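We just call them A, B and C in the order they show up, numbering each chain from 1.
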């Protein structure tokens, strides 16, 4: 029986990236649907649920993607709302790569050592990747600060992000404003780890700041477009040691991200009742790097 | 050479149900086209006709689906109008599952015994499934009544449906109005079989009516959404005997429907000149249950 | 690793013809994208570039199609502009079959003998197929005349086409007007070869003209819809000899065209840095017929 993956994508053209990765993971057949609205989800999911018997439904699965993570989250909710009893398929959310990127980044930070009870900052952390990264760090026991870097309504945005993190993940994280160099310096005081999840091509930490920093010992950056989020960090760095600190660039994190993505797809076809969101994908990421 | 099925669907998102079923039947490759207008059909069909030699064209086939059966019928006509000489592929119409559902339901009714010369009622039978079911029963020799259940223009709708049935299938069926309980009772007088093809979640026959009915000996219902079209009938019933009557619920019929659907797809790839519409799919359904 | 072809098509419904041909050539998986705008190309191509390592990228490739050749050319440019370093895939342009048709037609003309220093006319040659055919003949050393057959602004259109040919292919070809029978006769004076690339169902050369022509020795016609572009020529003729002249109809050329198309697709998956446009596909066509 063929492994069929239903790709639900809110963009008009469903992601080629997700498609190729699905085939490379193990999917035999991909049914691609682009421009999907939440209201269209039910009919599509029913088509997956009602075509194979319960014992065969592990060979059908659903991937929710698209660049708009909020739409992806809404679609995931719709998908899960369609299932009942044994009539269900496994489903994975990775809109804009949010879960695979966040989990890979956090696994990299943790490779430098436990962060339990330590201060960890997610800089420009109010977006989908940042919020997930912050939640996962908090679940690992770190004292997490989510810092907004935009100049307007900075603290308001940070607080709003922290509220959604608490609501979704049940963890407490601390909002902060880091709209300029001085504020960023203050936010990083006492921190042992920092992850930059800012927009492409936006530098957030100067080389002066991190090289001489007294407490930072691990830094990660998910931005692959020059200039890097952390000045001087090369995208390919994968645990490069400088001045006693470990540094991870976007491609260094990206290699693990790809493996996490593929492993997650493969996992979907092992049983029919999985919902792979941040927590579950994080567990897979830790297994892969373990 | 790969078995390629061209899925033409009038809905924006081509049916996942039809896609999974096609792959499970035997198709190697599905080319899915959603939101197809009749005017777009020719170019798509030419692409199927002109890419393989006549002796290879049995490995290409066309499936016409979509929830709008009238559009599906128009597309089927367009498809067949493209073919000439040996440059043709087999094609199947099953928009909204109309043919596989109707044929499976009638095969179930007939499993209770011949209906030649007997009165058979298709209740709420003016829609695509009902019209097909009525035509197939008439071809089997039953005296068929097609009853409309909507409260307005009830008899006019029933007559219009019978006219289209006569035009399309060349059989005579009798129109009737069954917009309330009393009228339904009168329509069922003397009937040996009844099939309910009403809208989802709409009860058409009360338990009181069918349990005590003096002539009815087989009843079928294609509505899987509670309440059932026939009060007290469970969707999973597949020839359940109660008070000397055989009862078929939507899932009881649905299992055969799925097998008919898969067998029809497989049949498409055995030769290049088949047009699988109600009559041909009915023959396959009878073979499968025989 | 599966051979994945990304089909970028400017038409709303991506070509079935191109899809079936891709699978028959050797593609394992086709990712079809219809209605693609140039602005959407980058995200799609990045999805192909960033999912596999450089040494595996020969298993990913891109096909640019669609009936609008100008849009296809713009998309090809966009595609090539995305690549950098070893992060690239092979790509082929065959919008509206322009390259496979033109190259197959010219190979057929050349099968009648070398045209170096000989006059060759491309009649109704200002469209995408005609311009490519003219360029390829010029590169083979023929003295090429590109004749417009429309009655208005005839010479202006011919000159404009010759300018685009010179700009794109770096060859000199001569514009001419052939809007009526007499003008067509004059344009063909002294010509040894003529290829008709006019609209479907449009006769461009009378049987009287070609049968008695003193210098013509090979004629080709890519129009498969009656009447033929060359009166009396049957579509299936594949080097038919009449009055000492060799004649090729649309299907006679079409058979080679199909083989060229399939071979080009197969070629895409042999390395990751090919750009298959007119010149490269012409080389493949010559190999195939050699």
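We take it that a contact is a pair of C-beta atoms (placed from the backbone, for glycine too) under 8 Å apart; a residue touches a chain by one contact, two chains touch by 3 or more.
Given the structure is predicted, the values throughout are model-derived calculations rather than measurements.
K.L.:
Could you report, rounded to a multiple of 5°, the rotation needed to superpose chain B's C-alpha atoms on chain C?
P.N.:
Angle of the fitting rotation, chain B to chain C: 120 degrees.
K.L.:
Given that chain A and chain C are copies and touch, would you call their interface same or different according to whether over half of its residue numbers are shared?
P.N.:
Result for this pair: different.
K.L.:
How many angstrom lie between the CA centroids of chain A and chain C, rounded to a whole number?
P.N.:
About 46 Å, centre to centre.
K.L.:
Two or more other chains touching the same residue: where does that happen in chain A?
P.N.:
Chain A, residues with two or more chain partners: not present.
K.L.:
Within the complex, which stretch of chain A touches chain C?
P.N.:
Residue list for chain A touching chain C: 12-13, 15-21, 23-24, 30, 32, 258.
K.L.:
Taking the touch rule as given, give the residues of chain A at its contact with chain B in the complex, in rising order.
P.N.:
Going by the criterion above, the answer is residues 1-2, 4, 6, 29, 31, 33, 35-36, 40, 43-48, 50-52, 60.
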